[in-house]
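Each of the two complexes below includes chain A, the first together with chain B, the second together with chain C.
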Partner chain A sequence: MSDGRFDLVGRPRRRVDGRGKVLGETRFADDLTLPRMVHMKLLRSPLPHARIRRIDASEAEAHPGVLLVLTGKDVPGEYGILPVSQDETALAVERVRFVGDPVAAVVALDEATAADALALVEVDYEPLATIATPEEALTTPEPRIHAYGEEGNVHKRAAFEFGDVEEALAGADLVVDGVYSYEGNTHLPIEQHASLAAVEKDGHLTLWSSTQCPHYVHRALQKVLDLPAAHIRVVATPNGGGFGGKSDVFNHEMVAAKAAILLGRPVKICLTREEVFYCHRGRHPVKMRMRTGVKNDGTLVGMTLQTLLDGGAYGSYGVASLFYTGALQTVTYRVPRYRFEGCRVFTNKPPCGPKRGHGTPQPRFAQEIQLDTIAEKLGMDPAELRLKNVAEPNSLTANWLRIGTIGLAECIRRVVDASDFTGRHRKLPHGRGVGLACSSYLCGAGLAIYWNKMPQSGVQLKLDRSGLVTVFSGATEIGQGSDDVLVALVAEILGIEPSDVRAVTGDTDLTPVDLGSYSSRVTLMMGNAAIQAAERARALIAEAAAKRLDIPRERVGFGGRRVFDVEDAGRGLAWREALVAAEEMHGTLGTVGSYTPPRAAARFKGGGVGPSAAYSYSAAVVEVEVDPATGWITVPKIWIAHDIGRALNPVSVRGQVEGSVYMGLGEALMEEQAFRRLPARLSGALVHKFPSLLEYKSPTTHDMPDVETVLVEDPDPAGPFGAKEVGQGPLLPIMPAVSNAVYDAVGVRIHEVPITPDKVLKALDDRARGGPGRYGPDGFPDVEWPEALRVPPPWEGGDGNATNDPERKRAAKLEKVKRT
Partner chain B sequence: MSDSPSMASERARARFRVNGEPVDALFDATKTLLEVLREDLDLPGTKHGCELGECGACAVLVDGEPVLSCLALALECEGRDVVTVEGLAERGELHPLQAAFADLGGSQCGYCTPGFLVTAAALLERRPDPTREEIREALSGNLCRCTGYNQIFESVEEAARLLRARRTEEPA
Partner chain C sequence: MIRLPRFSYRAPRSASEAAAILAGEGPDAALLAGGTDLLPNMKRRQQTPRTVVALRGISALRGVRNGSGLTIGACSTLTEVVRDGRVRREFAGLWQAAAQVATPHLRNMGTIGGNLCLDTRCTYYDQSLEWRRAIAFCMKKDGTTCWVAPGSPRCLAVSSTDTAPALIALGAKVRLESAGGDRLLDVADLYRNDGVRYLARRPDEILTEVRLDPADGIRSTYWKLRRRGSFDFPVLSVAAAARLAADGTVESARIVLGAVASRPLVAADAAHALRGGTLTDGAIRVASAAAAKLAKPMDNTDFTLHWRKRVAGEIVALALREIRGDDVRPDRLRLARHGLDSAGI
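Now for the complex of A and B:
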């Protein structure tokens, strides 16, 4: 990089790990083997909710080839990804909470023996009443699935009001009130989770695992195993797809580690596809009620949102998921007044957690359909309505989120132009339609999931006379291309080639802490830390080169594997010579960089979910063909524009955009993590409807339409060279755009994801019988909401604090007493 | 993984070729080709994803045709020619499909990639200039959760161009 011009950034390149992947040489967790390695399998609960009376493992222990059987009492330590939800144990201690909850582990010389011996573990269960749905959870306080939480089976509730919304809605010319439902779905990475644990020659434990967050696994292991953190090493192997599904801490990781310590032998486990469905931590099913008020000219005046989340059996990231359902509606459009009420309940199903878009696709589905309805009622073009309300750059939202750059208007204009949306919307023949929707996503959560004031991402650089630069980062390569971003940024700043830089990532022994590959945080956070470390190395080298070339430091340039005089480019040092000069001058070379997000503007309790250093924006137009006879939906084409800030490697960026479109289309049309009751003669248990790749439908090559991708590049000052996220945001507009397109095609509103042919037919039938032509939930369940925290918006004299926070009031009173 | 003596059901022997090299393997008779490749022949490039023949991650070529190695018994390979992803490159030089997948975003996490590559290689043997529809059809048994497939289609088309160009340069 010289004179502000880029050598690498913005140019399509083969990613640094591309060669290994196409050669089949990338070593995923299950590809690892060690001498004397043995194998583990988990026995999982066949009942959705039961007390464990007794476990008899003696027969399994005596089985030839079995080395060890573990049950809950052997690894009793509680853990959980969030400090407020420490509700999991590696193996069930006295209670199982869903079909698939791990109960016992068998370690044997080979996998088949371990699997056979599972059947020999006798578990005596006392069945408990099953809580199958969020409605049941609300109305069935006993038995409680967990002893903690708010009450009964309510895990967590939240309520915030930013200005007097009812007053705003009363003054609106039109208020649209709707209920919507979003079915759960799962990540379905093609790689099944696997882990290998071993006690190494220094006596320390190492766990290799397909995890997105080695740092969090490290923290959980130290707690569960009660070992010093410095004696545990977690290595994240390249993930064969993550999408949020490997960002939690899993039972099998804890148990494999414990077994390796007890046996003194390496222990490996690879989950079956069925088990991956039980690990889940996927999209929360959410019921929503949304009301939006507008003026006749389309100006939004206020919005209320209620969400009810089916959390499944454990906390996971769920408290964050709950707050995320209410956080980002205001980041796309100016919403002057806003109220959010949300509730997460426990049910006896695999735990829900973060999937691509974490908590925000569900309300986005509701909001973007509701805007489509509003546009129709006002006789406005849906694009015009959105353009009229796009949020301002460098502004605060009603809920105190700080927006930086916003390329949403440009995204809308670009997809509308490319698809001729205006020329075709409401004008295509019956059975064909186009739908528009928009969205926004954060570039990394502003707050770490555990409270601390340390950097969220650290990068170290080692450089020496060989010319090699090694860059160390805790960030994890999950397929998204983070190693490539890391290497490219360092190479760009030092004026060398990516092949001159080697990345060492995701290893708690070797790399500085990075919180992990989730919340679209890596490019922005790791990238900024990498730039800082590389700039520091550049300064050291520039100082030595300046002396050698006898020029002022400001005249030293970097590029083409040379360090040179910018005023006489022929004078300079080859890269290796420059490193020799720097090592002579400074001694051993090494630098560090770190990144901590800016402080949030929100001061109220709960305001920590939503703030980010930057927000990405997307707009999509989906074209559909709907067969009115069968309800079958075909998608011939999708146009998507994404405000990326700056595309560091356009090949990877396009891959993330289109991969998101693909995954969103799967959610829109077919994917569902659904459950059913077994017949009474087979226990009546609540089981996963189809925990297999055969029946859990996901889009194939035949289902994927052509995608026209537009990148909107308006560099954001918060991002590395202006880059924003792209891994999650482009998924968000797809589901509502499909629903809006179906309405345009056949005139029925589908208010529930997935939008399957049977729902389309039911809505068509509803319309034929004189109904509104809608499919969706009838109403929103009764939830007892807590008193909302009242936080005046910035333009109503607020300071980011709640005016009625009891804790804050108490603190203020104490302060007053102290003063007097 | 190692077969413990306690578990060993009947041992079987098969002689076949893998990536052009002769193999004489002794293994548990119930083992799939996938298991024998990964566990007995030290070829972990071929992946598993579903155990049901649904995802295509385990695809290999047997006598030039794509076969789901998780559904095939290793015993069935007696006397046959097996090609895995490890057999596509020649002396470290990427096969045009491999180069195109790496350059054009055909591979992201890389886990499904081996299955796509061998399946596409069989297609290009059969159809040197496939249409987009023929590519879709040939790869419809391979699931990819990362790419959305379009960059995979483009990679196959680019590789087809490269291979055709190579053939014109080197007339037989």
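Now for the complex of A and C:
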């Protein structure tokens, strides 16, 4: 890079990890083997809810080839990804909470023996009443699935009010009130989770694992194994897809580590596909009630949202998921007054957690359908309604989120143009339709999941006379292209090629801490840290080169693997010569960079979920054909525009957009993490309906339409060279756009995902009977909401604090006194 | 990874050798052709044969031969069937059925004989051993209750073969060979409406070939309803075959429904209603409604049973319209998610 012109950034390039993946050379966790390695299998609960009376493992222990059997008492330490939800143990201690909850582990010389021996572990269960739905959880306080939480089986509730919403809605010309439902679904990474644990020659434990967050696994292992952090190394192997499904800390990781320590032999486990469905931590099923008020000209005046989340059997990231369902409604459109109430409950099913879009696709589905309804009632074009309300750049939202650049209006215009939306919406023949929807997502959560003031991403560079630059980062390549971003940014700044840079990532021994590959944080946070480290290296090299070339430092340029005089480009040093000069001048070369997100504007309790250094924006138009006789839905084409800030590698960005569209379409049309209860008089079973790749329906290439991707580039000052996220945001508009398109095609509203042919037919029947032509939940369950924290919006004289949280107020005052 | 249980493996070189092994082993032996059905089932412990008798080494069981009509060796892969020009030209219904089985990879391994003998399927049954343990097993394997309909005296697992309805519509026969001799059976008679004992094949018999009479002007078609354009088994399928006179009069007709019972269902009344008339919209409507009446899907496949029941008539109508000569390619494209042409290449 020289004079602000880029050599690599913005050019479509082959990814640095592409070759290894295409040739099958990438070593995923299950590809690893070590001498004397042995194999582990987990015995999982066949009951959805039960007390464990007794476990007899003697027969399994005596089975030839079995080396070790572990049960809950052997690894009793509690852990959990969030400090507020330390509710898991590696193996069940006295209680199982869902079918698939791990109860015992068998380690044997080979996997088949371990699997055979599982059947020899005798567990005596005392069955308990089960809870299958959030409605049941609300009305069934006993038995409690967990002893903690708010009360009964309510895990957590939240309520915020930003300005007097009822007053705003009373002054609206139109208020649309709707209830919506979003079925749970899972990540479905093609790589099944795998881990290998070994005690190495220095006596330290190493865990190689397909995890998105080695740092969090590192923390959990310290706690569960009660070992010094410095004696544990976690290496994140390249993930064969994550999507949030490998961002939690898992039982098999804890148990494999414990077994390796006890046996002194490397212990490997690779989950079956069915087990991956039980690990889950995927999309929460959410019921929603949303009310939006508008003026006759389409101006939004206020919105209320209630969400009820089916959390499954453990906390996982659930408290964050809950807050995220209420966080980002205000980031796309200016909502002057807003109230959010949310509740997460426990049920006897695999735990839900973060999946691509974490907590935000569900309310986005409700909101974008509701806007479509409002546009129709006002006789407005849906694009025009949205354009009228697009949030202002560099502004604060009602819930105190600080927006930087916002390319949403441009996204809407571009996607509307590309699809001829205006020319076709409400004008296509019966059975064909187009639908529009928009969205936004954060570029990294503003807060770490545990409170600290340290950097959220660190990067180190090592450079030497060989010309090689090694860049160390704790970030994890999960297929999203983070290694490529890391290498490209360093190479860009140093004027060298990506092949001159080697990335070492996701290794708690070797790399500085990065919180992990989640919340779309890596490009922005790791990227900024990498830029800082590379610029520091560039300064060292420039100083040495300036001396060698006898020119002022400001005249030193970097590019084409040379360090040269920008006023006489022929004069310069080859890259290796420049490094030799730098090493002579400074000694061994190394630099660091780090990144901490800006402080949030929100001061109220719970305001830590939602803030981000930047927000990406997307708009999509989906075209559908719906057969009125069968409800069969065909999607011939999708247009999507994404505000990426700046595309560092456009081919990677487009890949992420298309991948998001693909995943979103699966959620829109077919994916369901569905459960089955057998007739109660005959059986207490509560099982995942189809934990398999065949029957859990996810689209195939034949089901994927053409996608036309438009990249909108308006560099955001917060991002590395202006880049924003693309890993999650483009998924969000797809589901509501499909629903809106179905309405345009056949005039029925589907207020529930997945949007399936049978639901379309039911809605058509409803209309034929004189009903509203709608399929969706009948109402929102009764939830006892807590008193809302009242936080005046910025334009109503607020300071980001709640006015009715005296404890918080006192603390703020104290802090102020301390600062002055 | 889920591992296979232990078994002994036999690899005979001829059908008679295979039949001799079966005669000796009894019902504890399983025949292995492509393995795309048996091996995953064995991993899930749905079948745990003591002996697996592999047919892959018997070259006489492969290939499509001319004669009076067509004879297809039972171990011909579905890809081989799809790539056969005679099948495509003369037995369109079979071609369309074979082309829509599973995925290209599975068609490269799976055989037509294996597809005809495909185990019946059910979402309570096609699960791992651990999952089935969690529901205390079902009538089809290790249990006593049919969880689809706990009052049912028989297993309601679903016949999910694509090629059987097509072959029944075409009046095809299969040859069954055993140590004691061989017999020809109408494909229609190969099946029983019982999810456990769904085949009329005796355990000592080997399905060795499929026989088709000359097409002789019979038009045939196969429509498959499933969620996705690949992988999935049918949740409803319709095979139809008919001979039309020059003026369009239906001289003979057969309509067969798949995936709505434990065996393919012949819609005789519907076909009978068409005979002697022409395929007017009205006649198609009447026949479709009559055929759809037979469909009694249960809640043990993908999609809701009400929807599967509801749309059955629409799918029958599509099949009959194709027989009439309508251009149904756009409908095919929407339902199958792709033109079937790509399947044969």
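Definition applied: the second predicted complex is superposed on the first by the 801 of 820 C-alpha atoms of A that agree within 3 Å, B and C clash if a C-alpha of one lies under 4 Å from a C-alpha of the other, contacts with A are read in each partner's own complex, and residues count from 1 in each chain.
FYI, a residue touches a chain if its C-beta (ideal position, glycine included) is under 8 Å from a C-beta of that chain, and two chains touch if they have at least 3 such contacts.
Just so we're clear, the structure is a prediction, and the values are computed from it rather than from any experiment.
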item: Which of chain B and chain C A:P679 touches, first, second, both or neither; value: second
item: Which of chain B and chain C A:N296 touches, first, second, both or neither; value: neither
item: Touched partner set for A:E658, first chain B, second chain C, both or neither; value: first
item: Contacts of A:E111 with chain B and chain C, given as first, second, both or neither; value: both
item: Which of chain B and chain C A:P757 touches, first, second, both or neither; value: second
item: Partner chain(s) touched by A:T700 [first = chain B, second = chain C, both, neither]; value: both
item: Touched partner set for A:N394, first chain B, second chain C, both or neither; value: neither
item: Of chain B and chain C, the chain that contacts the larger number of chain A residues; value: B
item: First (chain B), second (chain C), both or neither touched by A:G241; value: first
item: First, second, both or neither for A:T272, with chain B first and chain C second; value: both
item: Where chain A meets both chain C and chain B, residue numbers; value: 111-112, 272, 692, 694, 700-702
item: Contacting residues of chain A [partner chain C, same complex]; value: 44, 46-47, 99, 111-112, 115, 270, 272, 274, 625, 627, 629-632, 634, 670, 678-679, 682-683, 685, 687-692, 694-695, 697, 699-703, 756-758, 761
item: Touching residues on chain B, where the partner in the complex is chain A; value: 1-4, 6-7, 38, 44-52, 54-55, 57, 84-86, 88-89, 94, 97-99, 101-105, 107-114, 117, 135-137, 139-153
item: Chain A to chain B touching residues, read off their complex; value: 14-15, 17-28, 30-31, 33, 37, 39, 64-65, 108-113, 116, 187-192, 238-243, 268, 272-273, 478-481, 651-652, 654-655, 658-663, 692-694, 698, 700-702, 704, 706-707
item: Complex interface listing, chain C residues touching chain A; value: 1-3, 123, 126-128, 130-131, 133-136, 145, 147, 150, 227-232, 302-304, 306-307, 310-311, 314, 334-338
